[in-house]
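In what comes next, subunit A is part of two complexes: it sits with subunit B in the first one and with subunit C in the second one.
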Partner chain A sequence: MTGIAAAEFARQASTEHAQTLSRPSLSYWQDARIRLQSNRRALVSLFIVISLLILTLLGPVLWSVNPAAQDLDQISVPPGRDRSALVVAEYTPWVIPAGTVAELQLADTATTQSVRLQWAGLPGAYGHRVYRNLYPVGPERAYGIPLGEFFDNSTLNFEDRLDLRPGTYYYSVVALAENGRPGTVAETLRVDVRRTTTVNEALAQGLVGSAADIALGDSLQVALHPLGTDYLGRDMLARLMEGARVSLFIGIIAPFIYVLMGVVYGAVSGFAGGKVDQVMMRFADFVVALPFLLFMILFKIAFGIGPGESGIFPMLIAMIVLLWPATARLVRGQILQIREQGYVEASKLLGAKSSYLIFRHMLPNTLGVVLVTLTFEIPRAIFTEAFLSFIGMGVAPPTPSWGSMSNEGIKTMLNTPHELIFPALLISITVLAFNLLGDGLRDALDARMRNTE
Partner chain B sequence: MIENSTPIADRNDNFTRSAGKQLAVYALYAVVTLAVVVYLLAIAAGHTGSNGADMGINVANNSITIALREEPPQLDTGRSTDGASVIVLSHAFEGLIAYDEEAQLTPGVAERWEIRTDGATFWLREDARWSDGQPVTAHDFEFAWKRAIDPATASEYSFIFYSIKNAEAINTGQLPKETLGVRAVNDRLLEVEFEQATPYFDKLVAFVTYFPVREDFYERTDGRYGADADELLYNGPYMITEWVHSASMIWKKNPYYWNDKRGFLDEIRVAYITADTNAKLNLFKDGQIADTHLESPMLPSAMAAHWQIDRAMDGTVFFVVFNHRPGRVTDNLNLRKAMLYAQDPVELVNKALKDAAFLPAASLFPVWVGGVKEKFREEYAAPKHQMDLEKARHHLELAKQELGLAAIPPLVLLVDAQPVSQLAATYYQELYRQRLGLEIRIDSQIFKQRLAKMTAGDFDITVAGWAPDYDDALTYGEFFASWNLQNRGRYASADMDADVRIAQTSLDQKERMDAFGRIQQLVYDDVAMIPMYERGWSFVVDPRLKGFRRRSVGPEIDYNYAYIDVSSD
Partner chain C sequence: MLWYIGKRLIQGLITVWFIATATFFAMHNVPGDPLLNERATTPTIRANLEAKYGLDQPVTTQYFIYLKNIVRGDFGISFAQENREVNDIIREHFPVSAILGVLAVIIAAVGGILWGSLTALYRNRLPDYLIMFLVILGISVPSFVIAAISQLGIVTLNNLAGTTVLPVAGWGTIYHMLVPALVLGLSTMAYLTRLMRSSMLEIVNSDFVRTAKSKGVPPARIFARHQLRNAVLPVITVLGPSIAAITTGGFVVEIVFAIPGLGRFFVEAVQQLDYTVIMGTTVFYGTFLVFMVILVDVIYGFIDPRVRMS
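And now, the complex of A and B:
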């Protein structure tokens, strides 16, 4: 047996560290931030959400146009239209000139204020009917919109003031037969209408400093509406920003409150377990079964929302009261799962108190789920508000919201699409942005996804 | 490890990128496919459209297809109140007196008649027949009227009989219905006794509630009279042969109808019952229906399609009614004057409502109502209104002093949920805020709720529309009589009541019209209301259908004189 010499033994060189951390230590939140930052879609969405908030809060300061003010000279004007207008005198009733004319002609310059027509009696006419068309009259004898009619030959003039836009119109005068029905004899006149404004209107709109600055016959630019105007000449941009307040208020406040309620309720239920859990979850099931729209109407009545008052508050209450169970269920499920985890058991064995368990182990682990729910609930709430305002259960006029603006815009969708497109686009973009952000947050906060890298 | 993490992230990134590319390609395919499908469907839809072109006007069968806005709840002449029922009943029934093509009174079942201070006599024609071939007799009218005034029938239009002797007492249950002042002397002679002189009785009997009902048939229906097509007996140009509830109706020419000049069409098919004007416009475009009305947003496309657009006044006058009940701020004349002078109906119609068929209202009486010889408004010009902000603000100051208020409290504007009412309400809200600094709160309610609030006086201002029941200025003139239940603002004035009494009872047409002239001025001076607009319709009719009418009084749409003419003139 050869013994082992002591010399064969050498002392292992001592090292300071048994192992080196190959990557910097990252807390949960730091890691989540890094992953969120590498998600371009989520970042763009976040950027959009922040710009929306800026638009809501700072927008009205920068673009301080009254969203309820009606610019009746510019009704349903799409964005980017030529804005030059001729300054003319205030409208005065037409003093019909004496004497007759040979044919259908303009008695005055055609302006957006009025178009004044005069004509000679048509042969064999028992009266006349005046039409206005956007197109030249063809062989179909389609003269356009009937504007007025006179059942005798004593009136041979007509003043049109109906919704005049700058552009070309074709006016026709058609002879009426003895029974008052339009006949076949007609005369047509092409009229080019110019946009006009008055000194008073220019002053009221703040286009000029004082009446001395402009004179009749001057040309000026009428008030700018970057996104056009709606059917009552109200500025679309100002209304969209005002509407964003309502939409985002409901969209952010309501989910915050009811998600918080859901978290507390779910956590208590899940942690307590047993009978308490059973009873609490059956109550949650009961709330889920309540019809939202019906309750919305009931709340509106119960709160005594009087005429002309906004239905936003009952809407908020209805959402808070009825929408929390989804979060509560989710959080309860998470808590039940976490409760059985080894580290919770270990913590318990080491003598941790309930409050420590809840705040140190349970809530942080559900936070990811909660945040994701929150970001998905926000678009849902915005959509609910839009829907309720669309069916007339939301805001009261003149307060706009994106939903009610869409509702109004849809009526004139074919002629002036911008009144529908802008609010609808904003709803879509906002909802999409919050959804994508929620998606990104889920990816970033999910602890299981963290392990895969 | 740390250097490894970057490639992994890169790989991940690459993966996302290629997945994104894949997704974009799929999306492109989807969009292209969708576009192709939509295009093909559009072509297919175009073909079905041209196939159905014979539906609206069927020349071979001499029939047309139409759409009604609503379905009549039932067709009992004694109990009908709504516009849809009036349309159907006016084609299926005929009263003693009817309206001709040009909306003038013309003999109906009565050949001739006589109206005196104390009563009226109607001589019935021999050849008027029910749709089972039996003659229409004076007894049928006596039975119908006594039934309609019977409180058990609970007719909402019973008040239209109140000029007949004892009618009001019977309707309130004080007298038996047999005491009604109407008597069939024989089969062809009907005697009416008046409670008070009623010079416009000839116009009243053209209304649907005055249409005949045959007693033996009525008894046979066992309480289901008017509920279905076979629970009715007709005496008009058309009879309803088929009625599928809430879907369709078929009206066929009545072979027993006495006047061949009416009922040119063999069949009218009510194939659609819908209030959706866009759907109706599409049906008309495809040639599926013979006529449709156009809302102002539809006019540009109607012009582009080169249709011949027509227009007609609907008869309804809209106005802003104030609540005159004591205690309301709107009871103050100066406040009402301020609100009157701050607005202009011309601006409302031309700038806010933008409907070519609407006429800015200037008076309680619409332009088409008849006067002594000519139109009433030609003989008695409406008060000249001009917007005057100086005057308006002056009256507002006076109102504040009289009311002892530093500022006028917010006013509640009660409107219905119709888009046009909402539009007008929003317009007024901003107008009064800007011009007078008044705050208006809009209270929009559905029809029944609004009616309840109007009746209870739970408003400051409201928008009211008044449609005529008969073709006489009185239907408008008595609106503000203190006893009229329709006068929901409870406007009361001794002068008004006195003039309404004259208009109701005087036999002298000039005296009556003078009274209406004074009423017109009084309404303006007292600002009982602010006129808004007279409603009209723009509409299109298939050019092959002639003689179609839209009416201010009676049925809104009238095919009684319609016929098909394919020759183009």
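And now, the complex of A and C:
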């Protein structure tokens, strides 16, 4: 145009000094993947997270025990207990044998059906009281729970049928004084109680095919509960897997939705700018100022739970309504920064539409930060669910969740610790895994927030 | 500064108004009827009761009566506990929660700053690994589990000592407070430790620390005057939300340790659907939390002038 003829242009011969790339170029996500793969803690966490998801999805298929079914023969049974049961006849009333005995002793085999005791009258006794304890009677003379009381010396036997479990009991017979108070004279007997079942029971529970397969005196295995049972005789493993579905459903779906909401809200606000941005952010500030857990509880009360409902959805909705602003603020900040970048300007000059700018340039560039936020929001949501279920404001029974299972387990922590340990352990491991994974993702995806290590 | 404080206070008042309104309409939406109990009431008695409590008025009128009462500081009478005003319940039990909370906040803040700077000083050495491991545990284990385990620990301790070294539950003396406050502050302490560590590590590489070093300032003085004072700023910003976390965390700790604090009463009221107590304590807690956050922000504005300028 300015008078340079095409012939004046000459092709430059290629030289060896031309720039070469010494390594293949890496995209942002490839770089992140390499960083994440070199982070062993994050990888282990990722593995744990994936196995938890598999447990949730496949678990109930592999271990298809009904989590609501009660095994009343095995209540609060810790894992790995001896499962053999003696097959005995149906219970028949005790025909008390004539004659006396020298000391406190068993009149029959001690079984979970009944424990039959006989004793000689204690010296100076006006009557006897029978106690049962789970622990040996110490010097403080803790005899346990009183089972029966006799105000004369004619009855010197007792049959215990109260909620017997396989294990060791300590039975004591205490002499009563004339005024009916227990005296200092006592006799204690250690009794090992054997698990029993009857033919009909075994058939009803499906332990054997037909009555012909077993005979009295046989020993058979009662139903297997790999992680024991809870206080209502429900299978812990099945409940934990069912609870995992509830806890992880709330813990993953809720953050997913509210982080997404925050992204949209923040993107719109940041992209619009000006008055719209101010108004939108003022509203977000306002939601942030609301005390979160109080409102969660209020929400739960307001929506109420009808019979047969689990209360998962009110909790989900409450979380979504209250927790989106943090992501919105973050994304808005990112968008405001990206808006000023050269490549966005260039794209705009080339005539790109707003939607193209947002979806092609802005959102993909905030994706790293959003992903990190999401990973940190998940443990928070799991904790919130556990907290609410613990104070009785979470999912309604009988729907299990790890939080409500812990709440039930904590009441019998001393005698049956497995009811607390398993759900608590699962909550801790899950939260730990997501936290470490979040740390790893942050280090891999976000150059500015990278740890200064 | 005054303008800043004023602006925040107005914001806070609007938030409190919203909390009160939301509480009112949430409670209105609750299925059930406060005057419906097992004792049969005749229509006349029922009408009289409704008139007495203003329940025959339209919802908007009830709402304004409710707002007027809140402004006067009157939260009404408990539905579940006989002869008790909500104000009495708050007056009696909030101090317990407040003492516990203040102790927990102190433990969390002091512990967090201390452990955080320690890990930064011993970066990538044994104390760092050890403390960061504990921090990860503190963040990942739910507070009710920590509470239960610490109770078990106290029992074992008492058994070993043969006397009651620390009471397992209850309230009264400073010994009752120590373990619950520690448990309550633990997760916040873990969070603050992490924050303090990263902010400390950032400061170590800053220009003014390098200058101080090259001037020959003794390390202890650099640590105390240059590093600590600057690194502590982000910790102060999150102290507001931390107070909220500790207050609500108190619900669990008060239940596990059988402490007669307001949190426990709130949870009980929720379980019994004690309308007025729920409304009163929610508004009270909400107001308390909103203004605590504002207080922390204002203090932060005094410490760091950059905040109130923006």
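Just so it is clear, the second predicted complex is superposed on the first by the 369 of 453 C-alpha atoms of A that agree within 3 Å, B and C clash if a C-alpha of one lies under 4 Å from a C-alpha of the other, contacts with A are read in each partner's own complex, and residues count from 1 in each chain.
Everything that follows uses one rule, which is that a residue touches a chain if its C-beta (ideal position, glycine included) is under 8 Å from a C-beta of that chain, and two chains touch if they have at least 3 such contacts.
Because the structure is a prediction, the values reported are computed rather than measured.
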{"item": "Touching partner for A:A6 - first (subunit B), second (subunit C), both, neither", "value": "neither"}
{"item": "Touched partner set for A:S406, first subunit B, second subunit C, both or neither", "value": "second"}
{"item": "First, second, both or neither for A:L62, with subunit B first and subunit C second", "value": "neither"}
{"item": "Partner chain in contact with A:D163 - subunit B first, subunit C second, else both or neither", "value": "first"}
{"item": "Contacts of A:R23 with subunit B and subunit C, given as first, second, both or neither", "value": "first"}
{"item": "Which superposed partner A:A215 touches (first subunit B, second subunit C, both, neither)", "value": "neither"}
{"item": "First (subunit B), second (subunit C), both or neither touched by A:L290", "value": "second"}
{"item": "Contacts of A:L350 with subunit B and subunit C, given as first, second, both or neither", "value": "neither"}
{"item": "Interface residues of subunit A shared between complexes with subunit B and subunit C", "value": "306, 392, 414, 453"}
{"item": "Subunit A residues touching subunit B - in the complex, by the definition given at the top", "value": "22-23, 38, 68-70, 72, 75, 93, 131-135, 138, 140-147, 149, 161-163, 179-180, 182, 184, 231-233, 306-309, 392, 396-398, 411-412, 414-415, 453"}
{"item": "Touching residues (chain side subunit B, partner subunit A) in the complex", "value": "1-2, 5, 8-9, 13, 101-102, 297, 299-301, 303-304, 306-311, 346-347, 349-352, 354, 356-357, 386, 410, 412-414, 417, 419, 422-423, 425-427, 429-431, 433-434, 440-444, 538, 569"}
{"item": "Residues on subunit A engaged by subunit C in the complex (per definition of touch)", "value": "285-286, 289-295, 297-299, 301-304, 306, 379, 383, 386-387, 390-393, 403, 406-407, 410, 413-414, 420, 424, 427-429, 431-432, 435-436, 451-453"}
{"item": "Subunit A-touching residues of subunit C, taken from the complex the two chains share", "value": "11-12, 14-15, 18-19, 22-23, 25-27, 29-32, 123-124, 136, 139-145, 148, 152, 198, 201-202, 205, 244, 248, 251-252, 255-256, 267, 270-271, 273, 278, 282, 285-286, 289-290, 293"}
